[in-house]
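In what follows, chain A forms one complex with chain B and a second complex with chain C.
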Partner chain A sequence: MSFQLIIDILIATVPLLVIFPSLFAFTTWMERKALARIQNRIGPNKIGVPCTRVSLFGLGQPAADGIKMIFKEDIVPRGADKLFHLLAPILALIPAMLILCFLPLEFPWGKFMSGKVQAFMLDSAVIFFFAITGLNTLAIFMAGWASRNKYSLLGGMRAVAQMVSYEIPLVLSAVIVVMMVGSLNAKEIADAQSGFNWFVFSPWGLAAFIVFFIAALAETNRSPFDLPEAESEIIAGYFTEYSGFKFALFFLGEYIAMFAISGLAVTLFLGAGDGPFVDAAPWMPAMWFIAKIFGLIAVMIWLRGTLPRLRVDQLMAFAWKFLLPLSIFNILLAGLSYFALDARVANTTDDVIHYVNSGNPFAGVPELGTNEALMGAMIYRGMAGEQNPMAAKKWFLKAALKGHPASRTLVAWWLGIWVLSLVALYVMAKGLNNLSRSTTKPREYLYAE
Partner chain B sequence: MSILGGGIFKGMAVTLRNFVGSYFYKERLITNDYDWRPEDKLPQSIGEYPKEEGEQLRDTTTVNHYSRNFPMLLHDGGEPMDTVRCVACQICERECPPQCIYIEKSEDKTERSDNKAQFYPAKFDIDVSVCMSCQICVEVCPFDAIVMNSQFELSTPDRFGGLLVRRDDLLKSNDYYHKIHPQEAATRDQKMVADKAAKEAKKKAAAEKAKAAAEVKAKAAAEAKAKEEGE
Partner chain C sequence: MTQEITFWVLAVIAVLGALVAVRRRNLIHGVFALMIFFAALAGLFLLLMAEFIAAVQILVYIGAVGILLLFAIMLTERVTGDDARDITSRGSFWGWAAALAVLVFLLLPAIQGADLSQTAQPINPSVKALGHQMMDPYVVTLEVLALLLTAALIGAVAASQGGEKKKEDTDDA
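Then we have the complex of A and B:
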C-alpha cells in the first residue's frame, strides 16, 4: 500500500468522520431546543463556554452530554450475552457511517487535490445503500436479544417488524428515480438533476418523495413511528439496558442513520448539491447538500413535536395496505407517463428536424422559437453533449413560450400528463386510505362518564 | 371529504405557531429562569429552607402558580398551633398511597377559632423521599387543613433526617397559601364559607324539622288521647 493511497483514503473519509458527528452534536441541541419551544419551554440554555457564564443559547450542552456519557458507569445485566451486548452498538454505528460514503457529497480540496473528492463512487450505490441499511435491523435486534430484558426484546421485535416492512416502500419509491435516470450511480443521479431538474418537481417524483420520507421516518425509528423505543410503553425499547458510552454510540448511530437516509432522499429527489448560486464557489454544492439534509431533519423534528405515536396494527396496516400499493401504482404510473412523454418529445424532435431538413429555416421568415426547439431536438438526439435526453424539455418549453407550434403541442401534452398523474395519484391514495383504515376501534371505557 | 393528510398539516401549523410564538410572546413561556445561588446561601435542610420572609416569597413565586409538589399544613394566622386547621383525624394518613404521612394524635384538646375543643396533631411528619405529590391527602381532607406547596428546593445533604419534614416546618399560614396559589386559595375559602353556611342552614332545618315532628307527635298523642276518652 503506497503512501499516496493512504493519503487519498484519509482525504476521502476524514471529512465524513469529522463533519457528521459534529453535525450530530448540533442536531441534538437543535432537536431539544425546537421541541422545547414547540411545547413553550426554554430548552437547554445554561451551558455554553466552559468556566464562564457565557451560555450561547445552551450550545455547550452536547459537549456536556458527551462528557457525562463517557464517564457514566457501563452496566451490563448479569444475564446478558456480554459479547453481543457489546457488539450491538458498534454494529449499529458502522453501517450508518458506511452509508455516508455513497452520498454524492463532494469536497473540493483546492491545493491538495486537483478535483473534487467523493468518498466512494460506486456504480450500484443505491443498491448498496439499501443493503447496508438492512444491517441496522440486525444490530437493533441483537441489542434487544442480548440484553435479556423483556422490554428490550419487545423493542427489538417491534424494530425488526417495522424496519423490514418499511424497507419495501422505501426501495420501491427509490426505484422511480432509478427508472428515470437509468443508473444506480449516485453521482449520475445527482448530475441528472442539475439545473433545477429535481425529481421532486414531477407528480410521480413528488409522490415517491413523500412515500420515501415517511418510510425513512419509520426506518430510523423516528416519531410517529418510534414504537421500538416507545418510552410510555416499553421503557426505552432495545436501549433499556444500555448506559454510558454504549448508549452514546447507539444514539450517534441513530442520528448518523438519519443524516444518511436524509442524504439519500436529497440525492434521489431534491437535486443533491444543486441549488441557486451553485457555481459561485467550489464549496457551494457540499453546502447545499448539507443544508438540504438539515432541512429534512428539521421537518423530522417538527413532526416529532407534532404527531403522537401510532399503534402497532396501524403501523403495519399503513406500510402494507397504504404505502406498498401506492408505491407500486406510482411505479406503473411513472413508467407510463415517462413513456408517453418520451414518445411525445421524440415526435416533436422529429418534427423539428424534419422542418429544418425540408426547408431553409434561416431564409425568409423563421418561425418563432425555432432556434430553441432545434437546441432541444439536438439535446434529445444526444448531439449537444448533454447526457440526459430529458433536459431537452427545458428548451422545448422555451420554444413554446416564444410561440413555436410543435413545442406548444408538446407542452400541452406535458401539462395534461402531469395533471392526470397528480389526480390519479391523489385518488389512489385517497381510496387506499379509506380501504386501509384499521377496523379495530378503541374499547368502550366502562367507567367513562 | 377532507384533504388527505390535512390533519397532519393542521397539527404542524399548531406546533409552528407555538414554536414561533414562544420567541415573541413572553407570557407563552411558563418557565421562569432559575436563579443560581452561591453554595453557602443554599438551604442545608428542608426545615431550614425559607427562613427570611422575602426569600421565601421570591422562591415560591418564581414558579408558576399551577405548580404543586409537596403538602403543607394550613393555619389561619397568628400562633400556628392555636389556629391550625388539622384535627388529627388521620384520614390523610390512611389514604396516602405510599404511606409517607405519620400522625400522632394529641392527648388533650385545644380551643379553636370556632370555640370548639379539638384534638391537634402532636406529631405530623411527611417523608419527602416517599411522597409522590399525588395530592390525594388534599382531596380527602374534610377540614381543608392540608394543601399543596410549591416549594421546590427540596435537596438536602442529610438523606435520612433531612428528608423527613416535621410538623412545625409543614405549618404555613393561609396568607402564604394565598400568595402562592391565589385562585385555588380563593375558591377554597369561598367553599369553606359556603360549607359553613350550608351546615348551619342544615342544622337549623334539622332543628325545625325536629320541632315540627315533636308538634305532630304531640298532636297525634292528643288525638289518640281524645279518641280514647271518646271511647
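Then we have the complex of A and C:
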C-alpha cells in the first residue's frame, strides 16, 4: 500500500464526491423553481446571501434546507427495527455514489497529473452499472420494512415490483449499444461515438434511447412513476417514518441516482463528452457531459410538472406489455439493419477497389467523387490507419454528394433501411399501444375487490 | 500484503454473513445477511481480477435471488418478520452429520489433492475473450436452455391462471 496509490484514489474519486452533491443542491432549487413556474407559482425567492437583502432568485434555499435537515429531530418509531431503520438511508446512498465511478467522465488534472483521470476503467462497466443500480431496490425495501408502518411497507413492496419490472427494458435497450460497439467498456462506447456518431442518431438508437429514458424514470421513482411514494395514496411511501438527516440522505441518494442514470444515458446514446468545440480545452468533454446530464434532468422535471401519476395496473401493463416487447423487437431490428447496412458498405468497398484495380477505366467521362469513395473504402478495409466503419460511411456519403454512382446506391440503401426501420418501429409501437391498454375502467378498478 | 489483508477481511465478512443468515430467526434479517455474504464473495472475485464474474455475482445473486427471496417472504404472513417460533432444530444431529460428512469425505480430500504450487495458466480476462470461450462451443446448448426456461415460464403462468379460474368457479357455485 503505497502513498501514491492513496493519492491516485483520492484524485479519481474526490471530484465525484464533491461535484455531484453540489450539483444536487442546485438541482433541488432548479426543480422547485421550474415546478413552481409550471403551476403558476413563484417558488423559492427569499433566501440568497445571508444577512443581506440580496435574494438571488432564492438560490440560498438549498443551504437553508440543509441546515434545517441537520438540526431537525431524528424520530425512530418505537416498533421499528432500529438497525435497519438506520442502515436503509446509508444503503440508499452508497450504490448511487458508487455507480458514478463507472461513467466515462474524465477530469483534466493538467497541473498534477499527465493524463486525464477516470475513476474506474473496467472492461465490464455497463454490467457493473446495472448490477449496482439494482441494490437501490434493497435499500428502499429495507426502509419500508424497518419502519413497521403499513404505508411504508406498501411503498416498499410497490418499489420492489416496479424496479424489478422496469429493469428489464432498461437493460435490453442498453444491449443495442453494446451490440453496435461490441464492448461493455464505457470508455470504448464513448469513443465510438466521437465526431457526432451518437447512437441516438439512428432509428433503433432513438427508440432504444426513448425506452431507456422511460425505464430510467421508473427506476429512479420519478413522476409519473412515483407510485412508491405516492403522496395522495400512501403518505410518503417508504420514507413516511423518516425525518431529519436520514430523510436528507434518501433525498440525496435519489438525486444522485438520477444523475448517475442520466449519465449512463448520455454515455450510451448521447455521445458522452462529445460535442461542438470539444477539442478547444481539456475540460470541454467533462463540461459537455455534465451539461447533457442537466438537459436530461430538466426533461425529468418538466415531465414531473406535466404528467399525472399512473395506476398500479397501468404501470405493470406498460412495462410488460409495451416496453418489453418493443425493446426485444428493437434488438432484432437493430441487428438485422446493422448487418444489412454493413454488408452494403462492404459490397461498395469491393466495387470501388475493383474499379481502381482494373486498370484505366477513364474511357468516357471520369467518375465524380472517386477519391472520396476510395478514401471510404480504404478506411473500411483498415488500409489507412484504424478500421472504422462509421468514418468510412461518412466518406461514402461525401462521395455520393459529389455524384459517385456506387456510393449513391449505398446511400439509397442506407436511407431505405432507416425509413423501413422507423416505419416498423412506429407500427410496432402503435400495435402494442392498442394491445397493452388496460381494459379496466377506473371505477371498476376501485371496486374490483 | 494489501491483497492478503483484503482477502482476510472479505473472508471474515463472508463467514459471518453466512452464519448470521443461518442462525437468525428473523427471516428478513437472514436474507440481508445472505446478501452480505454474496457481496463479500463478489469482492473475493474482484480480488482474483475476475471482474465480470463479480458483476454477475452481484447481478444474479444479490439483484435477482435476493429480491426473489424478499418477494417470497412478502407473499407469506410473516412479512413483518416477527419471531418465527415454529422454526425448530429438530433433527439437527443429522444435519451436522451430513455437513461433517461432506467436509471430511469430499472437501478435505479435494483440498489436499489440489496442487496449489502450480501457477495458473495465464488467461485473457477480457469480457470479449470470455464471451467467445463460453459462447462459441455452447451456443446451441444455450439456446435450447433458453427455450426450455421460456416454456417453463409460460407454463407457470398458464398453470397459475388455470388455478385462479377454478377458484372463481367454486366461488360462483
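Miscellaneous remarks
Note that the second predicted complex is superposed on the first by the 433 of 449 C-alpha atoms of A that agree within 3 Å, B and C clash if a C-alpha of one lies under 4 Å from a C-alpha of the other, contacts with A are read in each partner's own complex, and residues count from 1 in each chain.
Heads up, the rule we're going with is that contacts are C-beta pairs under 8 Å (C-beta built on N, C-alpha and C of every residue); 3 or more make two chains touch, one makes a residue touch a chain.
Worth saying up front: this structure is predicted, and the values here are computed from it rather than measured.
Annotation for the three-chain superposition on chain A: chain B and chain C fit side by side.
In the overlay built on the shared chain, the residue A:S124 is in contact with chain C alone; chain B does not reach it. In the overlay built on the shared chain, the residue A:Y426 is in contact with chain B alone; chain C does not reach it. Using the contact criterion defined above for the overlaid structures, shared-chain residue A:G305 touches chain B, although it does not reach chain C. Judged by the touch definition given at the top, the superposed model places A:G134 against chain C, while chain B stays out of reach. With both complexes placed on chain A, chain A has more residues touched by C than by the other of chain B and chain C. By the touch criterion defined above, A:L415 lies against neither chain B nor chain C after alignment on the C-alpha atoms of chain A.
Of the two partner chains, neither chain B nor chain C is touched by A:L10.
Of the two partner chains, chain C is the only one touched by A:S183; chain B is not. When the shared chain is aligned, no partner comes close enough to touch A:I90: not chain B, not chain C. Look at A:A343: by the touch rule set out above, it reaches neither chain B nor chain C. In this overlay, which is a superposition and not a single complex, chain B and chain C have their closest Cα atoms 30 Å apart.
Within chain A, not a single residue is touched by chain B in the first complex and by chain C in the second.
Residues of chain B touching chain A in their complex: 1, 4, 8, 11-12, 14-16, 18-19, 21-23, 28-31, 33.
Contacts from chain C toward chain A in the complex involve residues 1-2, 28-29, 32, 35, 51-52, 55-56, 58-59, 62-63, 66-67, 70-71, 74, 79-81, 125-128. The touching residues of chain A, when paired with chain C in their complex, are 1, 81, 84, 122-124, 127-128, 130-132, 134-135, 137-138, 141-142, 145, 148, 153, 157, 160, 164, 182-185.
Those residues of chain A lying in contact with chain B across their complex are 34, 37-42, 302-303, 305-307, 426, 429-430, 433.
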